[in-house]
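Notes to accompany the following structure.
Naming follows writing order (A, B and C), and every chain is counted from residue 1.
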């Protein structure tokens, strides 16, 4: 049973990661930086609970703010340029953040043990959950509470004018400008919200795995983040959720017997999916 | 309402618009005609700020627009339609109108949160009116991409009206229409004038232009070659030469 | 001071490989307005594939292995085209982009699997040759890398400007629809673009392997990032831009490494990218156009 709870935790966190890319993709921008905001959320929350003794919930709040703030800062210069440039800029930014954490040491002594991030070795002993007696099931429910919260938020956006404006920008920037929509404000706002969601995802990730390191936030993870909404379709938030369940649940766990070849299949699966269903499995409303 | 003084737009060696003077008074329906490539669409793009001016001044309501960005111009009482329809195909008819409600009136009235995160209820009445006016009420929930061509044109106009403009720039709205549709368009334009909207009509289809405008300016190779009432323009030899390339019978 | 010039010189010589990678990215962008995210991975992959030559023919001379990488690059380029661009409608930019990312991951994983993650030695030529001018040295192997890269660039420019295929390619990059209407088979041109850039990429991969002395799957991501940085700094779509930017980045990188060490070096290169994005998004040779 614990195995399935663990899987559910993973699916939950990855859904949040995918949703952070979803809102940015609605505006037609492809961001490979969501893994970087995810990393920032993870390290910030980890340091607050482990080094600062904070409770997880306020730490989550700070992670969300940190992710959002940095996404906003990155968004402003990066969004002034054309879409493909954003892919490159966010890729470079993501790698840069990973390199920073690769070199990041900040340890303090707790009793006779040193805790904190240690460069390439990563950040171990993020033990808020075990130390406070959380069971695997409780952690899973906690994570999913946030997943449901974020999905509800994005669902609300989708039904509001903001959601239609996001999609208008994603569809035709020239027309959007010409009806009085402020492109930069809309795109940066989407990046900011996405960064906040990724920050929460990262914080939850750090605490359920208890050990994070720079390689947990590499290009592969950045790819997962955008793959989910693209494969799931941008119609609504459920597409992303279903894509995560499909990829993680079926592919990675269901094909366990294939061992190491699972990762290989992920790349191949994406290529296949894009050839068969360019608009995503669950996405794209039919044109007449 | 709208004034262009010595407006020029040069792309490298090409003078798309050259020293263009124009004055549109409030409540007028002003036509802008000329052969293909004469700079008509470029003029509209210059007014909305999509291209910077090479020289000259564009004033709206006596204020120089300067380097004001496009979206701000379109929020200040100007609206436009596109020659090649640019609707948001993946949004419904209703949503296409909704995203265009960015006028100063809308901004002042509703407040930040209701305007962006509120639901449809607040603006249902207004949008319903627009849909009625354009004959699209029965298609409110249809995706814009699924509409028939004539319906798309009406939506394009309705969307421009959603911005509650004082000045409406129509870029070849009659292209591809038959006589009956042109008649309906003419009626709609006249109704808009009754509501106090000033209109600059860029058009090729003479049936519409001659029948609805108060005044016309003619462009050729970026320069204004004539200006006057429809009757004056029709009898102007220079205009005929520009269109027909030689003395007409 | 001498160290500085030495660093610049070594860096610029190595930067020729970055220029080749940058050209590959920029050419595909110029012709198809798409980025082939898998390009750098394919370059390294071609170099790995060339090592198969060694397996089949023990003691094969290095130049034969370089040639193997060259050929493998072309084959891999064509496969990339088929997997990502032939069937997927070009009007779905997200889908094509995503599929190239998928191929990037796939190539990476294949390399890791086949080599069990262990770095593989790659032959070099003239690595024992050193031209000296007092304290200043020019490494033979780097000179070869530079030389081969220059020859490849010249060959590419000749192809683009002196052959019919090149003419067709330039036509498609300027006005794809009009080119099609003139009878140019756009699909064929696109495929050939991938083959040609693949050949260049294979050569670049071999040259990188030769100067580093070994191949490792860890090379692909930094190379992708740097290649894209070179493309952006040079101006998307500009080949002379990619060449200049490649040499520039190579030189800068080595100088940063001299003063700040290997790990910080990559961060500074990224900083270079952001400076350009903010102040000159068109790149060095980008068209500064105010068409909006």
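In this text, a residue touches a chain if its C-beta (ideal position, glycine included) is under 8 Å from a C-beta of that chain, and two chains touch if they have at least 3 such contacts.
Just so it is clear, the model here is predicted, and its values are computed rather than measured.
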Fill in the blank from the handout: At the largest C-alpha centroid distance from subunit C we find chain B
Fill in the blank from the handout: Closest to the centroid of all CA atoms, by its own CA mean, is chain A
Fill in the blank from the handout: Chain-centre distance (mean CA atoms) for subunit A and subunit C, in whole Å, is 30
Handout entry: Inter-centroid spacing, subunit C versus subunit B (mean Cα positions, whole Å)
Key = 48
Practice task
Could you please state the distance in Å, as a whole number, between where the Cα atoms of subunit A are centred and where those of subunit B are centred?
Solution key: 43
Fill in the blank from the handout: Multi-chain contacts in subunit B, i.e. residues touching at least two other chains, fall at 50, 70
Exercise for the section: In the complex, go through subunit A and note every residue touching subunit C. Expected result: 25, 30, 77-78, 80-85, 87-89, 91-93, 95-96, 99-100, 102-103, 218-220, 223, 226-227, 230-231, 260-261, 263-264, 266-271, 274-275, 278-279
Completion exercise
subunit B contacts subunit A in the complex at 48, 50, 70-72, 74-75, 79-80, 82, 86-91, 95, 98-103, 115-119, 143, 145-146, 159-160, 162-163
Problem - subunit A contact footprint on subunit C (complex, rising order) - result: 29, 34-35, 37, 83-84, 87-89, 92-99, 101-110, 113, 221-222, 224-225, 228-229, 231-232, 236, 263-264, 266-267, 270, 273-274, 277-278, 281
Completion exercise
The residues of subunit A that touch subunit B in their complex are 156-157, 159-162, 164-165, 167-168, 171-172, 174-183, 285, 287-288
